[in-house]
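Two complexes, one shared chain (chain A), two partners (chain B, chain C).
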Partner chain A sequence: MGGEAHHGKRRGNFIQRTIDALTETLERSLYAEQFSEQRGLLQQLDPRVKFVSMLGLIITAAAARHVWVVAAVALCALFFAFISRIPIIKSFGPIWLGMFIFSGLIAFPAIFITPGPTLATVPWLQWNVSAYGLQSAVFLLLRSEVSITLSFLLIMTTPWMHVLKSMRVIGIPTLVVVILGMTYRYIFLMLQSASDMFEARQSRMIGKLPDKEARRLAAATVGVLLSKSFQLGNDVFLAMQSRGYRGEVYTLDEFALRRSDYVAIPFMLLIVCTGLWFGLQ
Partner chain B sequence: MVPLLSVFAAFSFIIMMFNLPLPGGTTGHATGAAIAAIVLGPWGSILAVSIALAIQAIFFGDGGILAIGANSFNIAVVGSFVAIWVYNAVAGKSALTASRRVIAAGLAGYLSINAAAFVTALQFGVQPMWFTDANGAPLYAPYGLDVAIPAMMIGHIGIAGLAEMFITAGVVAYLQRSDVALLSLTAQKDAESKVDGTWAGTRRLWVMIALMMVLSPLGLLAAGTAWGEWGAEEFADPAARQAITEASLGATPPVDSTPEGLLTLGSWFEAPIPDYAVPFISNEVVGYIFSAVMGTGLVMLCFLLYGAIADRFRNNNGATN
Partner chain C sequence: MDTIFHLHNVVYAYANTADSPALNGISMQIQRGQRVAIMGANGSGKSTLLRILDGLYFAQSGTVEAFGHTLDEAHLMDEEYALPFRKRVAFVFQNPDVQLFNPTVFDEVAFGPLQLRWDTATIRQKVNDALDILEISHLKERAPHRLSGGEKKRVAIASVLVIDPEVILLDEPTAALDPKSQSRVVDFLVGWANTGKTVVVATHDLDTVPDIADDAYVFKQGHIIAHDTPRAILANHEMLLSANLVHAHYHLHDGQTHSHAHIHVGHQHDH
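Moving on, here comes the complex of A and B:
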């Protein structure tokens, strides 16, 4: 039993871990998509208004020179999530935790090694908590959490294709938007192929693959995916050409501002401007 | 080009999720920038990897929206160019199926991700110099170059670099067996006709490595001692104490000269090359270069040794189970 636990599936098997990662990605985006259909406040707004507002809030948090302004933007984001009927803990909990651990690892040593006035001393270890270090660690964590919360709010309340289309408001070329859209679709196709390849191998395997073999398998899988990508890219290009594609891209643009948008625009503008005004003082 | 770029961006995205087992029991993720550059060329690779990074940041919340530009520059631009440069320099005009190309690809992967990490560390490291509030507390990344560079490089020299090396070399070896045409896009023109070239093509690479080693005395230009790296003698010297006070933003070091722990522990460990100056070489700059060469060799040896021990340990474990 002990040996079994030691070579547990999640820990020891690289194939299983990769399949898990691929499936998790699929699940995450499917989970995000289901909320864009619900009737909440953000779902009602024009994607362009949402895109620019969220970007404005992220910039406000990034530019702020006071922790409380970043915290205020964070509260704003939570309020938007609440009135958009997004379950906050269930949706953001895992993302926040992941971000907290990752950014926390980077921010933690700063509390002790940044030069500055000492706030307190850790008993036993005799490490001095520096005021400046603590402040910069809080900044780092809070800014990452705010940025990720706002971008997920946009993604969860807006279908991906609408998010892409709304990017043209800030001057991103249509061609880039088209490539982003096609890439997103191919990601799912390739996630499926990669997952299938690993599962096929996994189903025929007993025990643990030696590391050397595992690396060879990973490289071969990447190689197969690469060949497939080339084949697929060329096929799709020919298919597009045969349907009249000559290098120009036309998209349907059905966005139109509604009454709710005209209320939202000055409101969002007010929040962003206030945040920037206090943040930059 | 549109569908091809999209497909390759999707490919780059998937590669970033592969969990690769590394010697020594750890696992790592590769960026795929090096293999993309080897197959697509640097320009195609820059676009594909940047798009993958943008989708990761916007849709999957990995990387940060406002950091997309910096991420793309470091991983896609720096990574792709260093990769193709190293690959072509080492592979030269060797045949597409030559094993030299596998080595070239491995080196390209290893050096490109490390170059990207170094540029990233520089970007982190300059932030506390430029962005502080009225009191001097850092507003963004809190670590200076003296912390950011070693912190970034240790992880990349040890783990991420190996992941990129294995995946790049492995894919090139795989393509040599199954789809060699994919390697012909970026290979030098008469590569196919030649059986196997000489190692003359590696000259540029050696020049680059030598340059980096010769440039290592740049570390001497940094005034004084790195913050926190004080020795017992610096606590005793009044001038050095003043420097420590200034570096610590006014916080004076303990009054009764040297911290006790430093005195006791400091005498236990004598670095073989204290302050990076080799004892029998009087010129400090020459000593610095010599130390860099030895340090590089030592790091390589450590990794080989660690890999060998880890392999043996695992084999023994496998035999008893």
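Moving on, here comes the complex of A and C:
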């Protein structure tokens, strides 16, 4: 993908980096959408079934008192990714690394400050590694990684708008779902606008932008985008009014359960219930 | 003839521009089945007029009647009046991104019928029909941000065509489109108008006016400066020049510099 070329180009001045980041964001979303159109197992399921199943598995991992149950849920997630034809390392690697660093920063102090039996002592620093602290850190890291894997699995095998619509299953109001959908829709437009603005600036620039000027440019861009988003919001509201919108949103629920869903529902239910049963022992 | 819109001395000014209203004393009538071009340079008041006709903006003075009834905010607050009006009049915005606010093309086209509370089976049928007519059925699961400019415009047209309105208002329908997409939109408008529908098109694309209109108004700074047939309007180069719809063209003849209005209409290139 074009986006891969950008990974290696993350250098240069503020403008170049910003353009690269915006382009990468756009491309990453398209990358995820590609997989949702493939013929894999999860792609064949109704979005509502997937949404509730993934939510159930996340709750199972979060509630489990045993590491092996969380690890079993992780294995399930990897199995689902494999049979859904998602390249595991390429797709999840960067996410796992990011989550490891983020959760690790939070979990790391707990290894030393949690009271409990000492497993080892760090040479030079003389910090004691607590058994309970280590267990808590492993739990936190594993649960975080499993949750993010399941969430991305849902996103990568389901068009984002179907994910949003399926949120209605758990009682999220239609208006909230519609607002989230419109936000997603217009983020792309704003990203494109921001990218165009930075490119226009880049085309008229020679040399490196001083830091102060770069900050001023970023602030100006935010201001222009805010102003544009107000204008756009106003125009979109007029366009909605023009087509009969009167303050209440009506939407089509186009999902329909198929035979594969009727097979998947008891299977997923079995996994979640078994996980909860063993996890809560 | 049956009058659809009747405007009398309409004035509309945007906030902070009261001294130069976008529309300043506009009076006009649009009859059923007419194809009307509203021509003018940028900022002449074309888009504001369409928004007035669609009941999105309201005249600050003067009167606007639609289908024999006053078109004002009070009437549009009443659902008994508003829903039939929205069913009869449709508006295609200049910027399709404004109009395509739904997650997929199918949802977009279904939005209008859903607000008009049609039943689900009818909506599905009508949406599929509209997608077929505009030849965009293959895009129905596509997100709007993944469409080309021409595709977005066709989706925007399908999203209003689906309710089978009596009047369609189009703001610069061919702006920023490649020639093929332009010709598809023009062909559609011509075909649609031939079914007896009323079409009001705001444009500064003189090339398409003879094809899509049989009546034309020229706007300048919120005033109507000409009203005639498209042929007569396009023949009046001085007036078009003063309305900034054509530009002066300088060239040499026998060592002397001449200036003419420069105009392209269809395949002709007039001086």
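We take it that the second predicted complex is superposed on the first by the 266 of 281 C-alpha atoms of A that agree within 3 Å, B and C clash if a C-alpha of one lies under 4 Å from a C-alpha of the other, contacts with A are read in each partner's own complex, and residues count from 1 in each chain.
Just so we're on the same page, a contact is a pair of C-beta atoms (placed from the backbone, for glycine too) under 8 Å apart; a residue touches a chain by one contact, two chains touch by 3 or more.
Owing to the predicted nature of the structure, the values given are computational and were not obtained by experimental measurement.
If you put the two complexes together on chain A, you find that chain B and chain C both fit without a clash.
In the superposition on chain A, A:230 contacts chain B only, with no contact to chain C.
More residues of chain A are touched by B (comparison of chain B with chain C). In the superposition on chain A, A:242 contacts chain C only, with no contact to chain B.
Shared-chain residue A:184: touches chain B and chain C both. Shared-chain residue A:152: touches chain B; no touch with chain C. In the superposed pair of complexes, A:75 makes contact with neither chain B nor chain C.
Once the two complexes are overlaid on the shared chain, A:250 sits against chain C while remaining clear of chain B.
By the touch criterion defined above, A:131 lies against chain B but remains apart from chain C after alignment on the C-alpha atoms of chain A.
Of the two partner chains placed around the shared chain by superposition, neither chain B nor chain C is touched by A:97. Taking the C-alpha centre of chain A as the vertex, the lines to the centres of chain B and chain C open to an angle of 100 degrees, rounded to the nearest 10. Using the contact criterion defined above for the overlaid structures, shared-chain residue A:161 touches chain C, although it does not reach chain B. Closest CA pair between chain B and chain C after superposition: 8 Å apart. The interface of chain A with chain B overlaps its interface with chain C at residues 160, 182, 184-186, 189, 232, 236, 240.
Interface residues of chain B facing chain A in the complex, by the touch rule stated above, are 1-11, 13-15, 17-23, 27, 32, 35, 39, 47, 51-52, 54-55, 57-61, 64-66, 133, 135-143, 147, 166-167, 169-171, 173-175, 178-179, 182, 227-228, 247-249, 251, 314, 318, 321.
Those residues of chain C lying in contact with chain A across their complex are 51, 54, 56, 79, 82-83, 86-87, 90-91, 93, 95, 97-104, 106-107, 110-112, 114-117, 120, 123-124, 141, 143-146, 159-160, 163. Across the complex, chain B is touched by residues 3, 7, 14, 17-18, 21-22, 25, 28-29, 32, 55, 58-59, 62, 65, 95, 99, 107, 109-110, 113-118, 131-133, 135-137, 139-140, 144, 147-148, 151-152, 155, 160, 163, 175-176, 178-180, 182-187, 189-191, 194, 210-211, 214-216, 218-227, 229-230, 232-234, 236-237, 240, 249 of chain A. If you check the complex, the residues on chain A that touch chain C are 30, 33, 159-161, 164-165, 181-182, 184-186, 188-189, 192, 232, 235-236, 238-246, 250-252, 254.
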